[in-house]
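My structure is below; once you've seen it, I'll send some questions.
Which chain is which? They are A, B, C and D, in the order written, and residues in each are numbered from 1.
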Amino acid sequence: MTSRKPQLRIGLIGTGFMGKTHVFGFAAASRVFDLPYDIVLHSVADRTDELAVAAARGLGFAKSSGDWRRLVADGEIDVIDITTPNALHKEIALAAISAGKHVYCEKPLTAWASDAREMADAAEAAGVKTQVGFNYLCNPMMALARDLIASGELGEIRLYRGIHAEDYMMDPASPFTFRHDPAGGGALADIGSHALATAEYLLGPIARVMGDCVTVYDRRPDGHGGFRAVEVDDVGRAFLRFTNGASGSIEASWISTGRKMQHDFEIHGTKGALFFTQERFNELHFYSMADAAGRRGFRRIEAGPDHDPYGRFCVAPGHQLGFNDLKTIEVARFLDCLAGKRPEPFNFRAGARVQALVEAIHDSSRRSQWVEIP
Amino acid sequence: MTSRKPQLRIGLIGTGFMGKTHVFGFAAASRVFDLPYDIVLHSVADRTDELAVAAARGLGFAKSSGDWRRLVADGEIDVIDITTPNALHKEIALAAISAGKHVYCEKPLTAWASDAREMADAAEAAGVKTQVGFNYLCNPMMALARDLIASGELGEIRLYRGIHAEDYMMDPASPFTFRHDPAGGGALADIGSHALATAEYLLGPIARVMGDCVTVYDRRPDGHGGFRAVEVDDVGRAFLRFTNGASGSIEASWISTGRKMQHDFEIHGTKGALFFTQERFNELHFYSMADAAGRRGFRRIEAGPDHDPYGRFCVAPGHQLGFNDLKTIEVARFLDCLAGKRPEPFNFRAGARVQALVEAIHDSSRRSQWVEIP
Amino acid sequence: MTSRKPQLRIGLIGTGFMGKTHVFGFAAASRVFDLPYDIVLHSVADRTDELAVAAARGLGFAKSSGDWRRLVADGEIDVIDITTPNALHKEIALAAISAGKHVYCEKPLTAWASDAREMADAAEAAGVKTQVGFNYLCNPMMALARDLIASGELGEIRLYRGIHAEDYMMDPASPFTFRHDPAGGGALADIGSHALATAEYLLGPIARVMGDCVTVYDRRPDGHGGFRAVEVDDVGRAFLRFTNGASGSIEASWISTGRKMQHDFEIHGTKGALFFTQERFNELHFYSMADAAGRRGFRRIEAGPDHDPYGRFCVAPGHQLGFNDLKTIEVARFLDCLAGKRPEPFNFRAGARVQALVEAIHDSSRRSQWVEIP
Amino acid sequence: MTSRKPQLRIGLIGTGFMGKTHVFGFAAASRVFDLPYDIVLHSVADRTDELAVAAARGLGFAKSSGDWRRLVADGEIDVIDITTPNALHKEIALAAISAGKHVYCEKPLTAWASDAREMADAAEAAGVKTQVGFNYLCNPMMALARDLIASGELGEIRLYRGIHAEDYMMDPASPFTFRHDPAGGGALADIGSHALATAEYLLGPIARVMGDCVTVYDRRPDGHGGFRAVEVDDVGRAFLRFTNGASGSIEASWISTGRKMQHDFEIHGTKGALFFTQERFNELHFYSMADAAGRRGFRRIEAGPDHDPYGRFCVAPGHQLGFNDLKTIEVARFLDCLAGKRPEPFNFRAGARVQALVEAIHDSSRRSQWVEIP
């Protein structure tokens, strides 16, 4: 396929589930959006040459390597896309930044906020663009929520309540995994990070937190007939103060029996309110005091072409985007940002910010004290 | 309790479940509303003197009789309230009307529209006031729906869809009852009458109908080890044409497994729409094209003091009325009508109208032809 | 109305909105339930003789007095029913208890837990029965929730989330009222008390709390053209630890724009989950791991005769109780308790408990420390 | 990209919105599913050579032609994919079938059932495989609904109610389009066809129908300052009898203000019930009499990996598929069918069947008589 668009050559490092999802996002974005670049699947790296060759064939990359450093050093590559296990994120990202590459990295960025800040500092110093994969923020209804706040239709924001609850760790017999590792693990870090990212996306910076993190199951099967101690939280809660004066709370849990995607928020302002649940993420519920008395109520707004970029996917309202479509939007946003058409959507600085919030809540919970966010 | 209000002396005929409900409504209405009358429970009639004495004691009536004609003849009584089996409605009502009493009668008014018309004619000729117990129409949200239509907020009405579905006859082993009697029985007569009353309450007269009535279980246990043939419908449907030009449909079913109170309607106009379900009857869902593009959606309006007479029951919105409260409103409306403060809310003429619609649908179904409503 | 039942003679003190509601509850309960007593509206007290005479006439009491002490001293009265302003609750209740009367008192019992404990101690020492008006707990669906927990159908309870949010104080121009008085005022005391009562009703005792109380509007119009400083919370939050090992949170707010009755809870156990909102209080949502894989989901259970005492109000399921019906149930429970047919449902001891929780959360919030509940 | 899979070479005819959607489906399906073929975008045809060249470049096809007959004649092409205006479907499809190609064609298959039958006859005679794009049937929750019926979990099916309502023609000022042409136009043909396809997918063949088709706006702007008469229905309703003995109804409307995707069904059997709305198409509501008394209710089942092929898109439940994902599933099903791994999912015979139902309803409505389906 030839065109006049400049090429954007991708080097993918990591070929697991998220690697495939990213490649799917690249493919879909180029069909759904009028992208500023032609995406070229240039190279893929895996742990060995053999695995990399197979991945290149399966995913459609032209070249491959068993050594990720080869991709970072390759002058033809424009973007390094990192979907490796979390522990490798920092080293790869810093190397890529040094080599002047733009970097797209899956969440969570790192286990520790200090590492994430180091990465953000490096990217800013090098002048490269970055993106972390907080794809729920790519939902057109999330943008609508932010628009309704920014337009003043809710008045001054007073209250916020955020939740991210699922049940994938509810079974105490499910084994110890990297998600149970103190280095960045736990419900708060794993999915509470989404709740925190959403809270700041909508209301702006959180100023301080009071945390409440609970380990419900303090050991998990180690996969070898024994048990391994678990220190991370199964549920994490926090009271919040925003710099805009609003107060609120968030809660994260991975043992909430029956809940599969309860990423909810409710926001109350002086003139209106919003309610949202990711369980039905093509809807936003909006209450407006501007409606006539006796006719007020939460209005179920269904996503449609009025809510950009829904119309890219479907010309008719109410047909609904899917989870994978949010990833497609995420890819398109990064390319627009690389072309200078929009600011970085959720960059390493933002990723570091979320990690800092998670650490502050953990710290607060340990010390039973309010903790200021720097 | 003394006061300056005139007294309204009630003579109740029929002391079963509905009789008790009416007495409850009289008692509640006098506490909830500022009624134009002091209600006096004057006399009650039952099948024998002994039963009547017991009923008087239990329900709080001053006098009693084993012969309902004694109540009709009693010059002290202002209102005859009929909650007997349906087959007796006509004879009692006509006698009461002849004696110059106002008449309050449970639904269905009669088995046949011609009988109901005779009763309505008699009442009008005698100049007495009448009411039939279609209590769903007393819901403040139903009034709100009618106001939204009357105000033009929905524009011109184009479409109507009404349902009344429950499952109390879903078990083929449940025995033959008076509700299975061809004289006025069947799902359409029993609960479809509600759907028809609601349709005309909201959109005005139905001009013609095409019916589809189905007997799913053509026999029921007779209670003596045998079976009795069933001819009435378990489900009745109709296409509708309203005189205002709208088209629509209603459906009634008493074999709709899992549905307990699916009395729903959906109305589409040129400027807006309404959705309602009796399953959540303190809510009305309103869609308005007057809302800004991108912010439109069905608005869940919760009942509150803005929706008269909700405020009589509770000063705070969202607290919700119950089923029995609708009966209380019905009683109050009749008293207001007797005092000349409002027109008859749902009188014998309206009750006859509903019977005529039911008969027209049955007739249409039998003949597979559209039937004009006189 | 005569019967063989013993009489229960009521002395009502306080004739405002809640006084009327109680009288309505007495009247309705005697018609809905088969009560163990004939309720006699014996005497009513108001601030002056004239007001009391008018109240007696309006509410149907036989006698009246401008001095509540006359009722307490009247040997014919069995129950003192207190619906006065909160500040008078303690003095009247202690006098009534001294006189050997049973006491039914509106919520909140007192401004301070120590006062409430004194009242509970006195009642227990005197052997009289007491009840505080937490009527949301009288909902049949609340009982169903407790049954599902007690039966083990949810497994071991791990998580709790409770909310009570309304918007009746959202307008900063709404004036200072007794609800803004530091002695027992604020959102947490006013409606958070409901959230706390529900939490303990369902999960048992709370062991410790961490509070977060926020005054959003620190002054309110004083009604004389000036302003009065407000110290009480507009929103109160708390992290919770239950003695059964579960953790959770509650939130109370009276500035939640658009919310009229968001008294919600969500409970997660090892085998199932519950979700409830008072906005639709005739429904309970139940998730069970016992359902087959691929067929699990939150089940919307509609209230019906299976859920006692719903059947007392209506023989058919799905017809829905209203807010006032919960008061009727509350009255009936107290009478059953007085007749020895059931334990005290929500007595002064329970009322004192709720006050203690409110105070502990306030205290915790001030000190930013976890506070143990005695 | 090389692999051992056989190639499947696509010839696409029609490059408008649906053409792009199909190409997107081909691309996505090969990444989401383990397809039996490598899809090769071989050739594309458009109205002129120039347009075709541009389309090939934009959509990624290797070759192009301004004459669709060249593709039909090309021996290298395995599948002809038709997304042209409806009027061309028949001629192209018959030519493709004659040439021994498999044919994938957008809905509606043709304007008239007799044409569709001719196409189905030809395909069967030639032994080629066909598919029509009824993509709502590709929803995993639709398959779950069918499984619940087939497994007997609903018992014997008694009642069906189907709706497909949108509002894209609600504005009388929206101009006359091909959808208003009597040859296959109208709400019933355009979207009622979905309601009919769903009804038969779930309950099996419809035996007879009674129709009610209404033209609400009998003229539309012709785009040249005048008006053009409209004869097709804006709303089409039908009573239904299924060969399994159930009765039911469907309704189609494109003037239902506020409704964007109200493709709903409700099914009642002797042991359970289902409710579904395409507005929230990742959910199915299931009521089972097998649940214990007092714990029954409609269960909101959320789509997840238990519901094949959801797991191909996402490993976690509750994340939700989007509208375009249904097209991806449709493509995969056709390839599986071509590989002999499953029967034809919705072939020309099925497409002809839907057209026959639409025509029967139109015919019935005109004649006001029940019409048997052959």
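Keep in mind that, in the parts below, a residue touches a chain if its C-beta (ideal position, glycine included) is under 8 Å from a C-beta of that chain, and two chains touch if they have at least 3 such contacts.
Source: prediction; values computed, not measured.
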Fitted rotation between chain B and its twin chain C in degrees, CA, nearest 5: 180
Contact-richer chain pair [A-B vs A-C]: A-C
Chain located farthest away, centre of chain A as origin (C-alpha): B
Distance between chain centroids, defined by C-alpha means - chain B, chain C (Å): 35
Between chain B and chain A, distance of the C-alpha-averaged centres to the nearest whole Å: 55
Chain centre separation (chain A, chain C; CA means) in Å: 43
Per-residue multi-chain contacts in chain C, two or more chains: 259, 296-298, 302, 304
Touching residues (chain side chain C, partner chain B) in the complex: 1-3, 17, 20, 23-24, 27-28, 31-32, 57, 60, 166, 168, 259-261, 279-281, 302, 304, 313-325
Chain B-facing residues of chain A, complex: 144, 148, 283, 285-286, 291, 293-302, 304, 306-307
Residues of chain A that touch chain C when the two form their complex: 158-159, 161, 167, 170, 172, 210, 212, 214, 216, 235, 237, 239, 247, 249, 251, 253, 255-259, 266, 268-273, 287, 289, 296-298, 368-370
